[in-house]
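Here come two complexes built around subunit A, the first alongside subunit B, the second alongside subunit C.
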Partner chain A sequence: MTGTTRRGGWSMLLWVAPAVLLLVVFVYYPVVENLRLSLYRWSPFSPREVFVGLDNYATLGADPVFWSSLFNNAAYAVVSVVFQVGGGLVLAAVLEELVRGRLKGLLRTIYFVPAVLSLTITGLLFQFMYNPQIGLVNGLLDVLGLDAWKHSWLGESATAIWAIIAMSQWQSVGYVAVLFIVAMQRIPRELYEAAYIDGASRVQAFLRITLPLVREMTLLAMIITVSGAFLVMNEVWVMTAGGPNNASHTLGTWLYKSAFFNDQMGYAAAIAVVIFIITMTASILQLFLGRGKAVQY
Partner chain B sequence: MTAIAGPSRHRRTLACLIAATAIIVGACGDGGATTAPASAEPGATQAASAEPGATTAPELEGSISFLHKYSDPRYAPYFEAVVAAYMAEHPKVQVEIQAESDQGVKDKLRVLAASNTLPDVYFSWAGDFTKKFVRGNLAKDLTGDVTGEWAERFTPAALEAYTYDGKLYGVPITLDAKYMVYNTKLFADNGVAVPTTLEELLATCDTFEAKGIEPIAFGNQFGWPAIHFMTQLNPYYVPAATLQMDYAPETGAFTDAGYGKALDAFAEINSRCLTQGANGISHEAAQANFLAGKAAMHYIEAVEFFALTEKGGAPADLANNWDFFMLPAPADAPGDTGYLTGAPDGFLVNASSEQLDIALDFLNYLTTLDNAKKMVADLGWLSPVQGSATADNTFPQNVQVIEDIATATGMAIWLDTVTHIDVANAYLNGVQAMLDGTKTTADVVADIQAAAATAKAASE
Partner chain C sequence: MAGTAARPTYRGGGDGVGSSVGRVVAYVLLIVLAVAIVYPLVWMALNGFKSNAELFGDPWGLPTTWRWENFGKAWSLGVVRYLANSVIVTGASVVTTILFSSMAAYALTRHRIPFAGPITVLLLGGMMLAPTVALIPLFRLLQAIGIFNTYWALVVLYTAFRIPFTVFLIRAYMITLSRDMEDAAVVDGASRWQIFWLVIMPISRPIIVSAALLQALFSWNEFVFALVFINDTELKTLPVGLLAMQGRVLSDWPVLFAALTMASIPMILLFLAGQRQFIRGLAEGFGKG
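And now, the complex of A and B:
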C-alpha cells in the first residue's frame, strides 16, 4: 500500500466519522441499551432496577393486549399494501395514462394534499366523521337507507382499528401514488408506442411495461408501508388512545402506554425489541426478495 | 433470577431516549413550553446575585423551576402573571416556568422522575399519583413547612387529599368536584323536578327520552368520564371503611358485593340516560350538545363550569338557564351518600431541591388569598383557599359549589388516580367494554379483583 493510498484511507475515515459517530450515538447505542434494559423491571418513580432476565418477554407472550396489538399492526400492513401500494399504483397509472392537461396536475395535488396534513389534524377530522351522532359516515349510511350498518365507529371494539386503518389509507394513498408517478415518468414513451402499434391494450401495456419497470419503486413502497404499519402510533393515539378496552392498540401505542401510564419501563423496552426485530426482518426480507431483479428493456 | 442493579445512569439514558422518541414521533399532547416572564432577571444565580450593601432582611436569591399543566392559552397567562409578580417582589429570584398540557405533564413527570431531574416545584394529582413520588423519595415532606397562617388558609379536605401516613406532601392550588349540570329551561318546560334519588334520575331520563330530548350528554372516548360516575357510585354502594382498604394497593381485594351493584347502577344509567355509542364521542363533543340546548343534563367538573357562562363562550340561552346537583344516590344506598367526587390539584416540592427556601416561599405566594381570588376571577376555577370565591369575583354557581363542598362528608378522589394503576386500568377498560357490550358486570368485577391481586403482590 502506498503512502498516498494510506492518506486517502485516513482522509476517507475522517469524512465518514461524523456520520458514523452520530449513528452510533443516536441509533446503535440506544438499540443495544434498550435490549439490555428489557431484561430489567423498573418504574420511573422507583429508585432501583431489578434484573428479571427474560421475564418481560414471558409476560409479553402471555399478554392478550400484546397479541391483539400485533394483529392490529399486521392488519394495518396487509391493508396498507393492498390499498396504498396496489391502489397507489393503479391511481398513478390512471393519472399518467388517462388524464391529460391541467386536470392531471390538479388531481395529483388533490390526492397528495392529505399526505402533508398533520396526523393530529386528520385524526380530529375523522373523529368528527366517525361521530355516531353527527358524523358524515353514519349520515351517509342514513341517506342510503343502510341504517343497520351504522356504528359508533371509534367506540366499538370490533370497528375501532378498522376505522383508523381506513383513515390512514385515505391519507397515504396519494403519497405512494406520487412515488409511482415519478417512477412511471422515467419509463421511455417509445416502449408504449411500440406496444400500441403491435396492438396492445392499455391494460396489457400496464401489465407488461409499467408494472415490471416500476418494480424497484414497488419494493420501496412496500418497505415504507410495511415498516410504517408496524411503527404506527400517532393516529391511533389521537383517535382512540388504544381503546375501547385496549381493542385498537398497536405495538407503538401499547409500548407508550406501558411506559408512560403503567410505569412498566422494562416491559416497554421488551415491546420495543419486538418492534425492532419485526421491522428489521421485514425490511431485510423485502430487500432480499427484490435483489437483482431489476427489469430493463 | 433477580438482582438489584446498580446506579440509575442507564435508566436515565433510556428515559431520555424514550422521551426523545416520543418527541420524534410527535406523541400526543400539545407539547411543552419553557418560559420565563419578561420581567425576570435573566441569569440570576445564588453566587452572581450577591450584592454588596444588601438590606439586613434576608433576601431570597437564586432560581427555581416550576412545572405546571396549564399550558392552555386560556390558563397559562394567569400563572405567568403570578410568577412575574413574584419575581418583581424578589428581584434576585428567577422562576423558570415549564408549561405542559394535562396529558403532556404525565409523560414529562415520568421522564424527569426517572432521570432524577424533577423541577423544584411540580404539579401532581392527589391520590396514588402523588404517592408514587412519595414512595420514590421524590417529594419533600411539607408537614413542618405548611403551618400556621399558611395551613389555615386552606379548606381542610384539600390538605387532607395530599396527606399520606399523617404527613403533608402537596400544596393544593385548585379545588374540583363533579356535578350533574342541567338545563333549567328544559326542566321547567317539561315539568321535570330536580331528582333527589337515583331512581328519580332514571325516571327523569325516561321523561326526556320520551320527548325526544337527549337526557344526559355523555362522551367517553378516553374512558375517564365513565370512571367519574363510578367514583361517585362506589361510595354509595360500598361502606367507606371497605373502600379505603380496597383503594390501597397493599390491602385491596374488591370483594364487596357493592362494587358489582355500583357497576350495575352505571349500566342502568347508561341504558336509560346516557348518549349511546359514547366510547366514540369525546367529552367536548358531548358538552357541545349540552351547550346547544340539545341535552337536558351533563356530568362535569366544577372547573368546567366557566365554559357554561357567557364569559366562557356559552350561548346566552344556556348561560342564563343552568344549575347543578350532585349525582343522586339510590334510595336504599348502603354506603355514605355524603361523599362527593372530586379532589384538589396541587404542587409538590422536589425532595432534592437545592432552593427549598425559594420553592416554599413561591408556593406560599402562589396560594395567598389575593392570588387565589385572582385565579377565581381570571379562570373561573375554585381555589382551596377559604374566602377566595365570593359573589364579587365569580358567578353564583361557583359560590354554591364552595358551600356544597363544605357540607360533603368527604371527597371521593378520582378512581383512576386514587387506585393503583392496574386497578385503574381494569376500571377504565372494563367500563368501556360494558358500554360497547363486550363485557358484563361480572366480567369487569373479576378483572378488577385480578388487578387488585396483582397490585397487592407488587406492593409486598
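And now, the complex of A and C:
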C-alpha cells in the first residue's frame, strides 16, 4: 500500500454503494440466475417454468448448430489471436522502430479508425464489399485474374463465417497494434541502444527486448481477443443472421435465435452457461499465465 | 527526438544495405495496409452520393453528380432519431459510469474502509462476466422492474457492466496520487465531498477524460442489449436502428450508404479530437497497479 489511506469508517461505504448495488443486481445476480434458468423450460411470453433437470444440456450435445457455432467461435479466436495479436504486435514493432514523425502518427490514426465504428456499420459495409455484383472483393479478384476464386462470400455455407472473421481482422488489427505501441513506448530506449552497440540486429532486439517486455500486454490482448471471440454476435447477426442454413452462427447468435425466435429460453440459458464457462476459463487461465503480475483482468 | 538521436546507433547493428531494402519494403507494406484499411470507408462515403444505377454500373468509380439528397433522405428515414437516442443513452451512461466509478475508486484508494478487499474483488471481478451470459435473466428482470423498452434499460446496463473496467482505470490512477493536497484541504476544513470534487477529481482529469471517452465508445456502439431490450423503433440507438433501416430503404442502397456514412462521423470525430487523451489513458490504465 502507498500509505495514502486515511481512516474512513462505515460512512465511506456509501461511496461504493451505487457501484456495488448496480453490479450485484444487474451483473452478478443475472449470471447466477442464468445457471438456475438453464434447468427449466419456458418461453418468453409464458412465465410458467417447467423443471427439466439437465435436459437442455442434453439437447445442446445433440444439436449440430450448437457444435458448428462453437467451431465458428473457436475459428474466430484462433484467427484473431494470429492476425490481431500476432499481426498487431509485429505492426506495432515495425511502426515504432521504422517510422518517425508525422507519418507515424498518421498511420497509427488510420489503423485505429475502423475500431471506433459500430460493428453494425462495418458489418453492413462489408455485406456490400462481399456482394457478388458490386462488391470490391470479387472486383479485386477479377482485376488480379483470379476469377476462379470468386464467391458469393456471405451466401455460401462454406465461406460465410470466414468472410465475417476477415472483416473483423480488418476492423481490429489497428486497435491491438495501438495497445502494443503504448506498451512499447514504456520500454527504456537505452536497452535498445545497448543491444545495438553489442551488435544485435533489429529482429534480435525485437525478440530479446521488445517481446519479453510486452509479454504482459500480449497476455492482456490475448485474454480480450479470445474472450471476445466467444462473445461475437453483432457482426454475425448483421451480416448473415447465422445463415445460410445456420452455417455461420456463433454461440451468441444461436442463443439469441433460440431465445427470441424459437421460444426456447431455457435452452438459450444453457448456451449462456457454455459461454460463461469458456470466458471464465480463458480469464482464469490467462491470470495464471501472467502469474497475477500487473495483469488486472 | 530520442529516435533521431538513437538512429546512428541502429546502423551499428551491422545490417547496412540489407536494412535499407528492408526499410523500403516495410514502408510499402505499411502504406498498402493503410490504403486497405481506409479504402472501404472512402468507398462507403462515395457510394452515398451515387444513384442505384451508378452503384451497380460502376461500383469503383466516382459519382457523376454529388447527390446530397441521399443524405437528406437517410436523415429523415431514421438517422436523426437514432442519432438522438444514441446521444441521450451515451451521455447519460457516461455521467453515471464516471460518477459511480470515481466515487468507488476514491473510497477504495484514499480511505481505509471496511471490507475494502472483498469490495475491490467484487468490483474488479465483474470484468470477467460477459453481457451475453446475463441476457436471458436480464430480459425478465428489466420487465419485472418496469424499465424494459426504455432508455433506462440501456443506461443502467451500460453503467453496471462498465463500472468494473472504469473503476480499474481510475483506481490505478488515484492510488498513485500523493496525499499532500488532500492534507492541505483537510487542514482548511474541507469536507470529503469537497475534497473529492475540488481536489481529487481535478487531479484525476486525464484518466477521467479517457475513461469517459472509452465509455462513450462502448455505449455508442453497444449492440446486444440495444437489440434485445428495446422494441420501439422510436427508442432504437444507431447500431440497431441502422439494421432496421436496411429494410426501410427499399433497395435504394445509396441511401443506406449515406446513413452509414453519417452514423460513422460522430465517433471518428470524437476519436480524432480525443486521440491523445485516449492513448495516454490506455497507457496509464494498463501499466499501473
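In this text, the second predicted complex is superposed on the first by the 272 of 297 C-alpha atoms of A that agree within 3 Å, B and C clash if a C-alpha of one lies under 4 Å from a C-alpha of the other, contacts with A are read in each partner's own complex, and residues count from 1 in each chain.
The rule we apply is simple: contacts are C-beta pairs under 8 Å (C-beta built on N, C-alpha and C of every residue); 3 or more make two chains touch, one makes a residue touch a chain.
It should be emphasised that the depicted structure is a prediction, and the values quoted were computed from it without experimental measurement.
Q: Using the touch definition from the top, say if A:G252 reaches subunit B (first), subunit C (second), both or neither.
A: A:G252 contacts both subunit B and subunit C.
Q: Could you say whether A:V238 touches subunit B, subunit C, both of them, or neither, answering first, second, both or neither?
A: It touches subunit B and subunit C both.
Q: Touching A:F261 in the superposition: subunit B (first), subunit C (second), both, neither?
A: A:F261: touches subunit B, not subunit C.
Q: By the touch definition at the top of the document, which applies to A:A269: first (subunit B), second (subunit C), both, or neither?
A: Touch status of A:A269: both partners.
Q: On the A-aligned overlay, A:V226 touches which partner chain: subunit B = first, subunit C = second, or both, or neither?
A: Neither partner.
Q: Based on the superposed arrangement, let me know which partner A:S201 touches: subunit B (first), subunit C (second), both, or neither?
A: second
Q: Just to be sure I read the superposition right, which of the two partners does A:V50 touch: subunit B = first, subunit C = second, or both, or neither?
A: first
Q: Which partner does A:L154 reach: the first (subunit B), the second (subunit C), both, or neither?
A: A:L154 sits against subunit B, while subunit C stays out of touch.
Q: Considering only touches as defined above, state whether A:Q133 meets subunit B (first), subunit C (second), both or neither.
A: both
Q: Looking at subunit A, does subunit C or subunit B touch more of its residues?
A: Of the two chains, more subunit A residues are contacted by C.
Q: So which bits of subunit A does subunit B touch that subunit C touches too?
A: Comparing the two interfaces on subunit A, one with subunit B and one with subunit C, the shared residues are 30, 33-34, 37, 44, 119-120, 128, 133-134, 231, 233-234, 237-238, 252, 256, 259-260, 265, 268-269.
Q: So in the complex, which bits of subunit C are touching subunit A?
A: Residue positions touching the partner: 2-4, 6, 9-10, 12-15, 19, 23, 26-27, 29-30, 33-34, 36-41, 43-44, 47, 55-56, 59-60, 99-101, 103-104, 106-115, 119, 122-124, 126-139, 141, 156-157, 159-161, 163-164, 167-168, 172, 175-179, 182, 192, 217, 220-221, 223-224, 227-228, 238-240, 242-243, 246, 253, 256-257, 260, 263-264, 267-268, 270-272, 275, 279, 282-283, 286-287, 289.
Q: Name, in rising order, each residue of subunit A that touches subunit B in their complex.
A: Answer in residue numbers: 30, 33-34, 36-37, 40, 42-53, 119-120, 127-128, 130-134, 151-157, 160, 231, 233-234, 237-238, 240-241, 243-246, 252, 256, 259-263, 265, 268-269.
Q: Write out the stretch or stretches of subunit A touching subunit C in their complex.
A: 2, 4-10, 12-13, 15-16, 18-20, 22-31, 33-34, 37, 44, 91, 94-95, 98-100, 107, 109-114, 116-121, 124-126, 128-129, 133-136, 139, 170, 174, 178-179, 182-183, 185-186, 189, 192-193, 196-197, 199-202, 205, 217, 220, 227, 231, 233-234, 237-238, 251-252, 255-256, 259-260, 265, 268-269, 272-273, 275-276, 279-280, 283, 294, 296-297
Q: Along subunit B, where are the residues that touch subunit A in the complex?
A: 1-5, 8, 10-11, 13-15, 17-18, 22, 25-28, 106-107, 110-111, 113-114, 132-133, 135-138, 220-223, 275-282, 285, 289, 421-422, 425, 429-430, 432-433, 435-436, 438-439
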